[in-house]
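Presented sequentially are two complexes of chain A, the first with chain B as partner and the second with chain C.
Then we have the complex of A and B:
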């Protein structure tokens, strides 16, 4: 199979080879970017032009204006942003200490906790998401910030603790021992010495955790109702409610993409690092 | 504060520090993971209708009703496995091709890499809506292009298999870049010397790929396949936003089935039993995949 292809490839001049390679890559990039570009184009068309996006040249920002005047949508954006930010902050706070503990200490407590995390990590997500509805309702926090925030923090505990343990394992503890001898408290050794050296890893997780929470759907679908709309749920309801207003739909989707896009662009280095985990 | 004294007496200073470090994580894990698991497990053995919560203990009846439901056996399970297989193989193949293409320096590399990051930030729900618009039967761009090329426009999401193909396509769009970037990272961390030796010997690119790249990259490939398969198995959002499991519940995957049983048909007992059945299948599949792929590695090395 490979021989004729190689013959074709070898018969090309180096310049042609480069051009061919470039062309294929350009086509791939186009295919990956096209859906998003198409969405952007649709969002800029007036309501009448949306059915023939490929024809005509009228563009308008009306759809975006309409979104910003829709209270439910604005609320959804604010809620999604607030929950993603708070969930990221608290997830990292909770798991950085738990990971530190797993990395630095041995003994009964550490091994039990590690066992619990490992077992919980193996329990498939879907088996505890459905009952979460009753749990959150019985705690009296259904359809509130707290009710969505706390499960979002909980969902990351096992995986992130495990990752954080790995990060701290890679950091030499002798500096902390030195700090302890110099009269630093255990807490001081943790957040003055160990924490700063884990910052690159923590940044990677920050970006990934924020993106994950911003994009999450199933939790929000089950745990929120009318009072706490978040953007992914509102958009999925859009499809049935406003099935024909594709310009509004697209504009909302583009607006939902912007924060993630900006964050990824600035955190690209960390995201790629984080993906390697 | 007697519990405090008790704590102080039974644990040393270091133990107290350890417990304090994990206390918030333990609390949240118990409240929002252990308790739901317990409730779900208990619900799966009960007749628990959301409209009429008598919660009578019925033993294994709910599991039996799930496992004898023709919709579950003939549509949901085959769909789920087919989806997992198709999505993972296609994404792996294309991801690998892209990673190999990107694994040599060229001018626009940074740009290509940034474009590949694009699908990774798109929420699955948004990706699904995007595809739904592009494959819209009346105004979608796909039908417009088809018509200009002389083809027949189709109602893509009305037919079971074309709807299923679009779900797979959406998933691939979302995940090919993930495979590509992970495999690229793997490729870049491989030692250079075996490849240089192969180049001196004049080995064909295919042989280099087959006998050098793949075996050396195998750990990364295994991790990718296992993680992605487990995730693909429980896919919910793209199906929900693309087809809602339709037409006529023909494209349901197992998490949609569990969700619908619990929250649309309000049978929480059966829904929980379905979720747990699926959960057990994921565990077994994950373990088997890991074993098989690991075995392949040992044999072929």
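Then we have the complex of A and C:
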């Protein structure tokens, strides 16, 4: 019998293994960070220098100043923030109880609701846009907060009820049974026992939901116009017949990253916990 | 008075699975009943129907004379301990204990007094401000017991509360539950799949299988006079030995015989077995009733030792005679035996059990 062949990894000394592992990690991190770093670099260059980011040494905050002086851009930030927050709040109101129902109840109502959500999830996201456009138009809410909010809420309910169901599946129902015996109504057992146990899950969902709406482009592009600019759409409008304003677009993108970055930083513990389910 | 009366209790799941069948059972005031049986026998379902966590398909449940069929759990005045403790994870031990009383709008001073009393009984004093996840399994189960005591309910319900504990802790908690019973006598129903728990805790033991009650009696009754082959095999450890024997009369005696074993039927069973003369029945012998090379009791035959399990306090023997295998327990640990030895087994004839091979019910 021949001795087992030693692979590349086995032939390395423990120190070298650590160094090699670190190198690979650094390479992977760089791969993901590179676009963001490049974006940041571009946003700090004058308009004339954006094509020579790697060559020039001239840096300026002009692009940022220009953005803050543009009322439409400032409005877009406010609108995006407001819509993301409102959509998150209202969709969670429904999602939490709907996820709970899917997890705990059997019967016609629960299975019908399950069917509706399942069917909605089977439809590709993009196919919703055109019908939604006509619906929004016919109700006269095109290019308003409500016209963008309602579709977002509907989509979130369908997508996140599943996640919420998964969270509640992971919570032991005997705790609620104990609460029922301890004097709670069915609603009380949900509100006082199941809900507090689901706070990590709800926090995760809040972060996911907010980021999803903040970053959403397709609905915003089709369902809003001049009156309700949102940041993702405005960002895309730096591309025009006159050319590309890379520096402005990059600066806007960097600013748009900030709230998402902060939220993820504080919520990542919950998001990871949420994604594990 | 908090007697529980179950009358013709049935539970179907969607018409397909009949989990509990026609249960009739009266649990006396302050009586401790254990429901025991293999998984899927309907014991937990019965308990959950008493608690109000499962709806009843048909039949009646009365607690303290009141029909509770349609009462929600909170109005039945019962308390329950769950297998996985079911403590409220986001609350401290104190709040867990206080939860039920606060729901009843009991004044805070009284709640504190009740909790102090329960904490004294269960030794929870140090743990009051901790969260359940900071407690060991045994401590969590004690908190769960405390949650029942503070409410001072009509009925305690236990759903396999010791199953998640390790063997040593389980014995300790068993004793603690016995002690608790003495201090807080309350009508109790205890579900378990462990026959030792059922026997040691219950005033009466209810053995269930396939949704039916197989036998209900004191621990001594279910052990000494099992109603059928299932109960005989389920209660007792190691399990009872069974084999088919022919019954025939000889010199005014009834003899139970196989090609390898031969036993005299005692006076106790003679009348009942007379009708089986010339037919086959199932003979049951408990491993602990078999004696090795004893001269003072009736010998039943010779067997060969296959496996020896030395436990220190006793020896367990797996033996064989022809195609029959038999377990022998409580053998003197000092007895010089080796695998392959042939030994003489004897058993007092009134320790034999006979079962109808068709219905499997006891013949007596």
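Everything below uses one rule, namely that the second predicted complex is superposed on the first by the 236 of 277 C-alpha atoms of A that agree within 3 Å, B and C clash if a C-alpha of one lies under 4 Å from a C-alpha of the other, contacts with A are read in each partner's own complex, and residues count from 1 in each chain.
In the analysis below, a contact is a pair of C-beta atoms (placed from the backbone, for glycine too) under 8 Å apart; a residue touches a chain by one contact, two chains touch by 3 or more.
Since the structure is predicted, the reported quantities are computational estimates derived from the model, not experimental observations.
Q: Count the residues of chain A touched by chain B and by chain C, then name the partner with the higher count.
A: Counting contacted residues of chain A, the larger count belongs to B.
Q: State whether A:197 touches chain B only (first), chain C only (second), both chains, or neither.
A: second
Q: Of the partners chain B and chain C, which touch A:29 in the superposed model: first, second, both, neither?
A: A:29: touches chain B, not chain C.
Q: Please work out whether A:20 is in contact with chain B alone, chain C alone, both, or neither, and reply first, second, both or neither.
A: neither
Q: Now for A:131: first (chain B), second (chain C), both, or neither, which partner does it touch?
A: Once the two structures are laid over each other on A, A:131 reaches chain B alone.
Q: Can you list the chain A residues touching chain B in their complex?
A: 1-2, 6, 21-22, 24-25, 28-29, 32-33, 35-36, 38-39, 42, 50-54, 93-95, 97-98, 100-101, 105, 107, 109-110, 113, 116, 120, 122-135, 139, 150-151, 153-155, 157-158, 161, 186-187, 190, 211, 214-218, 221-222, 232, 235-236, 238-239, 246, 249-250, 253, 256-257, 260-261, 263-265, 268, 271-272, 275-276
Q: Could you pull out which chain B residues touch chain A in their complex?
A: Where chain B meets chain A, its residues are 14-15, 17-19, 21-22, 24-26, 28-29, 31-37, 39-40, 43, 98, 101, 106, 108, 111-127, 129-134, 136, 138-139, 141, 144, 173, 176-178, 181-182, 185, 204-206, 230, 234, 236-237, 240-241, 254-255, 258-259, 262-263, 268, 271-272, 275-276, 278-279, 282-283.
Q: Quick one: in the complex, what on chain C touches chain A?
A: Against chain A, the touching part of chain C is residues 51-53, 72-74, 76, 78-80, 82-84, 86-90, 99-100, 103-104, 147, 151.
Q: Quick one: in the complex, what on chain A touches chain C?
A: Spelled out, the residues of chain A in touch with chain C are 172, 174-175, 177-185, 188, 193, 196-197, 199.
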